[in-house]
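First the structure, then my questions, so here it is.
Each chain carries a letter (A, B, C, D, E and F) given by its place in the written order, and its residues are counted from 1.
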Amino acid sequence: MTSQQTRHDGRAPSDLREVRITRNWLDHAEGSVLIEFGRTRVLCAASFTEGVPRWLKGKGTGWVTSEYEMLPRSTNTRSDRESRKGKVGGRTHEISRLIGRALRAVIDTKALGENTIVVDCDVLQADGGTRTASITGAYVALVDAIEDARAKGLIAKDAAPLVDSIAAVSVGVVGGQPVLDLDYPEDSTADTDMNVVMTGSGRYVEVQGTAEGADAAFDRDRLNALLDLAAAGCADLTSAQQQALAEAPRERSR
Amino acid sequence: MTSQQTRHDGRAPSDLREVRITRNWLDHAEGSVLIEFGRTRVLCAASFTEGVPRWLKGKGTGWVTSEYEMLPRSTNTRSDRESRKGKVGGRTHEISRLIGRALRAVIDTKALGENTIVVDCDVLQADGGTRTASITGAYVALVDAIEDARAKGLIAKDAAPLVDSIAAVSVGVVGGQPVLDLDYPEDSTADTDMNVVMTGSGRYVEVQGTAEGADAAFDRDRLNALLDLAAAGCADLTSAQQQALAEAPRERSR
Amino acid sequence: MTSQQTRHDGRAPSDLREVRITRNWLDHAEGSVLIEFGRTRVLCAASFTEGVPRWLKGKGTGWVTSEYEMLPRSTNTRSDRESRKGKVGGRTHEISRLIGRALRAVIDTKALGENTIVVDCDVLQADGGTRTASITGAYVALVDAIEDARAKGLIAKDAAPLVDSIAAVSVGVVGGQPVLDLDYPEDSTADTDMNVVMTGSGRYVEVQGTAEGADAAFDRDRLNALLDLAAAGCADLTSAQQQALAEAPRERSR
Amino acid sequence: MTSQQTRHDGRAPSDLREVRITRNWLDHAEGSVLIEFGRTRVLCAASFTEGVPRWLKGKGTGWVTSEYEMLPRSTNTRSDRESRKGKVGGRTHEISRLIGRALRAVIDTKALGENTIVVDCDVLQADGGTRTASITGAYVALVDAIEDARAKGLIAKDAAPLVDSIAAVSVGVVGGQPVLDLDYPEDSTADTDMNVVMTGSGRYVEVQGTAEGADAAFDRDRLNALLDLAAAGCADLTSAQQQALAEAPRERSR
Amino acid sequence: MTSQQTRHDGRAPSDLREVRITRNWLDHAEGSVLIEFGRTRVLCAASFTEGVPRWLKGKGTGWVTSEYEMLPRSTNTRSDRESRKGKVGGRTHEISRLIGRALRAVIDTKALGENTIVVDCDVLQADGGTRTASITGAYVALVDAIEDARAKGLIAKDAAPLVDSIAAVSVGVVGGQPVLDLDYPEDSTADTDMNVVMTGSGRYVEVQGTAEGADAAFDRDRLNALLDLAAAGCADLTSAQQQALAEAPRERSR
Amino acid sequence: MTSQQTRHDGRAPSDLREVRITRNWLDHAEGSVLIEFGRTRVLCAASFTEGVPRWLKGKGTGWVTSEYEMLPRSTNTRSDRESRKGKVGGRTHEISRLIGRALRAVIDTKALGENTIVVDCDVLQADGGTRTASITGAYVALVDAIEDARAKGLIAKDAAPLVDSIAAVSVGVVGGQPVLDLDYPEDSTADTDMNVVMTGSGRYVEVQGTAEGADAAFDRDRLNALLDLAAAGCADLTSAQQQALAEAPRERSR
C-alpha cells in the first residue's frame, strides 16, 4: 500500500506503532505479559486452575475465558470504576467476550483436559487499540501458562492444546485514508473502525467493522482495502509474538 | 448463487425466511412494529421525547438509542429475567448497542433537533436472527415515530433526519455451505456466523463475523461469499421495509 | 345493578371491556395466551419443568409461581426497564406474588407431582387492569401447560392438579359510582380501587381494596356494592375462559 | 361475637393481644413509638423534613411515606439482611407501600405544606401482625411529628393535616374459626388471612384478604364474619391510640 | 488523671457515660442485650446455629461473626437505608468486621465445635460510640448464647469456648484535652479519635487511632495519654459486664 | 533494636524491603507513581479536576480522596473481580477510606481551592503491605499532581496545600518477634499486625493494631516495641520519598 500522506505521529498508513512484549511481568501468574502498542499498555495475566465450570464437568474438555477492564486513570480523563458503579458496562462485557472467543479459536479444549485458564487483561494506559493489544498479549500469556502447566505435569507432556496462534489489530478510515493500528486521536476522528482478529496461519476469527454515525457507511472496495491492511498488520504482530516467545523470559521470583 | 443442497426447512441457501412487518401494533408508542422473520418475532417500539441526555444538551442535535431484551419464554427453554438477576448480561448490552449504532448510521442528528428517540426491541419469540430482525423492524418504527413528530410539529415540516434506510441479516456457514438468514437450528450448528447491517443504498454499517471455536477460522474467499449473500439479503429486506411503509397502517386507538 | 350514567367509553357500570383470549400465541411455551381486556394486552407463557425448587425437594409436591413485568413502552409514556435500573420495583414484586398465589389457590400441588410451572405475564400494552388480565389469562395458559405435560406423560393420565378455575377483575368508584373493569383513565381518577380474585365456583381468593388518598375511605355498603359487581364480572370472565378452552387452539409450530 | 373455643394463648376469638404504645421512645425523631401487640414489637420513627420529592415540587402539597424492615433476629430463626443481599424483597416492599398508603388516607397533604414525613417501621421482634402493628404505631408517631412541627412553626398553628385517625388489625380463619389479631403460630396455620385498615370513623382504607393454598377460597358469609371482627378490633385499637395520645409522653433528651 | 475542665455534659475527662445492660431483651434470640452508653442504644442479638460456613466444614472448629447496622432514624437526621441503596457502605462493613474480630479474640473456636454464632448489632439510637457499645454488649449476648447452647446440649458441658472477656471504648482529644467515651457532640469536634478494644485481662485486641484532617496528627505522649484513659475505661466496662452477667436475666417468653 | 534472629528473606527485624518509587509511570495522570515494597507493586495515579463534590460546593475548600483495588491476579491465586461480583468488599472500602484520610491529614484543603484530587491505588502485585505502599506512593503522586496544577495555573503560585508529608508501614509480631514491613508469608502467620501512618515530622495519623484470633491479644510493652519499629520505618520511607521527589522524573508523553 502506497501512502502519500503521513499520519499525525509520522507513521505511514500501513505502519504499526512500536510493539513491546514483556513476558513474566508478574511473579504469581502462570503466564503474564505487559504488552505495549505505542502508549497503550495492557497487563495480561493468565491463571491456570484445575477443574472447569459446572456446565462443563465430566465432558473431558477444558475452558479458556477472559476478563477485560480499564483502570480508572488509564484514560485521558478519569473514569468511574465499574466496581463502584455496581455494574459492568456494555463495552467491558463486549470486549471481554471478544478476547475469550479469540483465544478459544486456537485452543483444542479436549487437549487442555478439565482445566480452566482465565486471562485477565487490565488496561494500565489507553491510547487506542486496547482490545487488539489485549488479544495479542493474551495469546503470549496463554502460551506461557500452558507451558507452566506442562512443566508441573498438569497437562500431558505431548498434549497440544494450541492449534494456531492469534493476533488482532484495528484498521480504520481517517481523513479519507485507510490506516492501520489507530491511536486514540485517530480512533476518535475515524469514520470507520474495524477490529480484525486473525490466526497465525492467516485466517479470520473475528471481523468487526463499524461505521460511526450518519453517512459513514462504507462500500465493498473500502472494506477490501481495510481487510488487506489488517492482514498485513496481523502478520507483523504474529512475528512479534514469535520473537518474544523465542527469547528466555525473566525468572519469576516466587 | 446456485444451491445444490436444500436446508432443513426447505429453503435455498440464499432464501430469507418469510418476513412480516405489522406497523402500529401498539396504540401508545409513536412508532411500533411487530416484525417476524419466520418464527422469530420482535416487538419494536419507538418512543419520541423532547429533550436529549445531559451530555448533549445545548448542542442542537438529537439522539437515537435502543434497548433490546428477550422475554423469558421467548426461547425454547425458559431463561431467567435479567431484572431478577439484578444485572443485564453482556449479550443483551452488546445487541442493544449494535441496534443503536445501526439506527444512528442513517440519522442526521442535527435535523432531528434536540429530541430523543428510544427504540425498544423486545423479543417475543426467538428462533435465530433476533438482532437482525430487531434492526430491520426498528427502522420502520423509527420512520413512523419521526412522521408522528412531524405531524405534531415537534420537528420541522421540511426536516429530513433520515438520510438512508437500514436493514440487517445474518449469514453463516452450515454444513460447509454459506447460507442466508439462519434460524436457531442452523445458528446453533454453524461454524461461522456473521451479522451484516447495510443501508438501503447498499453500503456497510456493521460487519460482525465470528468463527465459533477451534479450527473454524475462515479464509478470505469464504468471507467474500458470505458478504455477497448478505448484500442480496439486505436488499430484499429493504424492499420489504419499503412495501410496509407504502401501505396505510392500522389506525392507533388512543 | 342499574346504571343511569354511562362511562367515558360508553360502557354500563357493570360491563366488562371486550375480552379476547388467543391460545398458543407462542410456539415454544407449553401453554401460552395473549389475553386482551380492551386495549390492555398481556402475554402469558406457562413453562413446565420437571423438578421443584430446593426447599420443596423430596416432598412429592409441585410448585406454581409467576413473574409479571411491563414492557417499557406498554405505558403511555416510556418507563425505564427494571433490568437496567438493576432492581425490581415494589409494584412488580407485589403483582408477581399476587398472580402466583391466585394460581396456587386452584392447584393441588400433590397431584402435580414434583414439577414446576412458571407463568410469565408480560404486559405488552397497558390500559388498566393488567394484573387482573394476567391472572385470567395465566389460568388458561396453565391449563394448556398441564394438558401438554399429560400428553407427554410427565404427569399421570388421571391426575387432576386443577381443583377449580380462577379469574380476576377490578372494581372501583369513579365519579361516585361503582364500576367494573376500570380502564386507565378511570383507574387514575378512581377514589377506591379493588381487585378481586374468585374461583369458578364463586369463592374469594383475594380481595384487595384500597382507598387512594385522604377522604377516600369507604363504608361497608360501598364495599358490598363493589363485591357484588366483582362477583358478576368474575363469573363472566369464567365463561370467557371456558369458551376459549372449548375451542381447538392454533397448532404450535416446533 | 360468642366464642365456644378458646385459642392457644387463652384469648377469645374476638380478643386483641395486649397492646402497649410507648411514645417518644427515641430522642432524635420528631415522633417515635414503640408499639407492642403481645410479643410483636415495632419501633416507628417519624422524620419530618422540609421540602418534598422532586415530582411534587411547587405544587404546595406535602408527602407522607413509610419504610418497613425486619431486624435479622426479629424472627424465630435468623434471616439474612436485605442490605447484604443487595436487594429489598417483595414482601418488604409490599408492606412499606401499604403503610404509606394507610397514612396518606388520613393526611390532607395540602395542609401539610411542602414538607415530607417518612415513618420508619423497624420490627424488633416478630410474632405475627407486624404490618398492622406498624400502621397502628406509625399513626401515633405521625401525630407527634406533626405536633412537633407545629411547635417549631414549620406548619401553621391552625393547619389540620390529619383528617382522621388510622389503625389496622389482622383477622383470619384458624381451625375453622374466625379470630382477631393472629399471632405467629395462628398465622402460620390459618387458611385465610385478612388485614384490614380502618379510620377512626369506622371506614375502610384497605381490605386485603388472601386464601392461602388450594381449597382455602372463602365464601361471602365468611368474608362478612371477618369484616365484622376486624371492625371491632380496629375500634379497640383506635381507643388505645387515643389513650396513648392523651397522656404526656416522656421528655425527649436532646 | 486530673481534670481541671469539665465536659459539656458535666463529666470528668475520665468518666464513662452511664452504662446500662439489659439481658434477654428479645424472646427468640439465644442471647440478646440492649446496651446503652448514655443515649447511644444498641440491640445485640446472638444467634446460635449448628454448622459452619462452607470454607470451615470438617475442620472441627466453629465460627463467630457479626453484622452491624444503624436504623435510619437512629441518627440526628434520617439516613437512607443501605438495603434501599442496594449496597452496604464502607463504614458499615468496617465496623461489622471490627466487632467480629473482637469477639473472635476471646473465642476458642475448637471448643465451640462446628457451630456458628452471628451477633447482630443494630443501632437503635446513635450518640457516639456505637461501635464500642456494640462490642461491649455483643460480648454479653455471646456469653448468654453459649450458655443457652450448653443447656440444650449443643456444646459439651465442660467446653470452655470463652478464653477471656472483651470490651471497647473510645477516647479522643476534644478542645485539646484527652477524654473518655465521647458522645456525638464531642466526637464531631474531636481532632483525634481512637477506639480501643481490650480483654478483661487488660491486653489489647484492637487499637484504632485516627487524626481527623490536616494538622491533627498527634505525638507519642498524646498517644500514651489516650491509651491510659482507654485502659481504665475498658476495666470499668468489664466490671459492668460482670455485674450484668451475675444477675438473673428476665425470663424469655417462647 | 538488636535482632538475634534473621527473617525468611534474610532481613533484620527492623529492615524495610527494597523500596522503589518510579514517578510519571503514566502519561495521562497529573501525578503517577509505581511504588514497589519488594515484590508488592502498586500503581498510584493522582487525578486533578476542577470543582468539588456537591456537599462541598461554595465553601472555598478542596477535596482529596482515594480508591484502592487489587487486580484479580495480583494475588497468589486469582480472586474474582469486585466489578463482576457487583459489590465492593469491606476490605476494599476500608483501605480506600484509610488512604483518603491519610492524605487529607497533610492537605490544607483551603489552600487547594475548589479542586478535587482522586488518587487511585491499583495493586498490580500483592506480597503484603499493599495499603502502606499505597499511602507512601500516593503521597508522591499527590505532590506531582499539585505541582502540575500549579504549573497550569489551576492553583495559585504561592499556595501551599501540603502541610507535611505522609508515609505508612506495617509492623507485626512473627514467631514471637516484632518485625517491620511484613511480606505476605510473614503477614499470614503474624499474631499481631499493625499499620502505622506517620507524617514526615514524626507524628501519628493512624495507628491500627489488630490481634488476630484467640490469645493473640498483646500487652502495652509489645505495643510500644511495635510503635518504635514503625517510627523508624516511616522515617526511612520519608527519606525515600524525598529522594524520589528530588530527582527529575521521566518526561510524560502526551
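One rule holds in what follows: contacts are C-beta pairs under 8 Å (C-beta built on N, C-alpha and C of every residue); 3 or more make two chains touch, one makes a residue touch a chain.
Here the structure is a predicted model, which is why all the values come from computation and not from measurement.
Participant: Spelling it out: a chain qualifies if it touches chain D and also touches chain F; which chains qualify?
Facilitator: Shared contacts of chain D and chain F: E.
Participant: Comparing centres built from CA atoms, which chain ends up most distant from chain A?
Facilitator: Measuring from the centre of chain A, the most distant chain centre belongs to D.
Participant: Could you state the distance in Å from the CA-based centre of chain A to that of chain F?
Facilitator: 32
Participant: Taking each chain's centre as its mean C-alpha position, how far apart are chain B and chain D in Å?
Facilitator: Result: the chain centres lie 51 Å from each other.
Participant: Distance from the CA centroid of chain A to that of chain D, rounded to the nearest Å?
Facilitator: 60
Participant: For chain C, write out the residues touching at least two other chains, lowest number first.
Facilitator: Expected reply: 86-88.
Participant: Given the touch rule defined above, the chains close into a ring; going from chain B first to chain C, what order do they follow?
Facilitator: Result for the ring walk from chain B toward chain C: B, C, D, E, F, A.
Participant: Which residues of chain B touch chain C in their complex?
Facilitator: Residue positions touching the partner: 26-29, 32, 39, 43, 45, 47, 49, 67, 69, 71-78, 81-84, 86-88, 92, 118, 120, 122, 124-125, 127, 253.
Participant: Once bound in the complex, which stretches of chain E touch chain F?
Facilitator: Its residues touching chain F are 87-91, 93-94, 96-97, 101, 104-109, 163-164, 194, 198-199, 201-220, 223, 227, 231.
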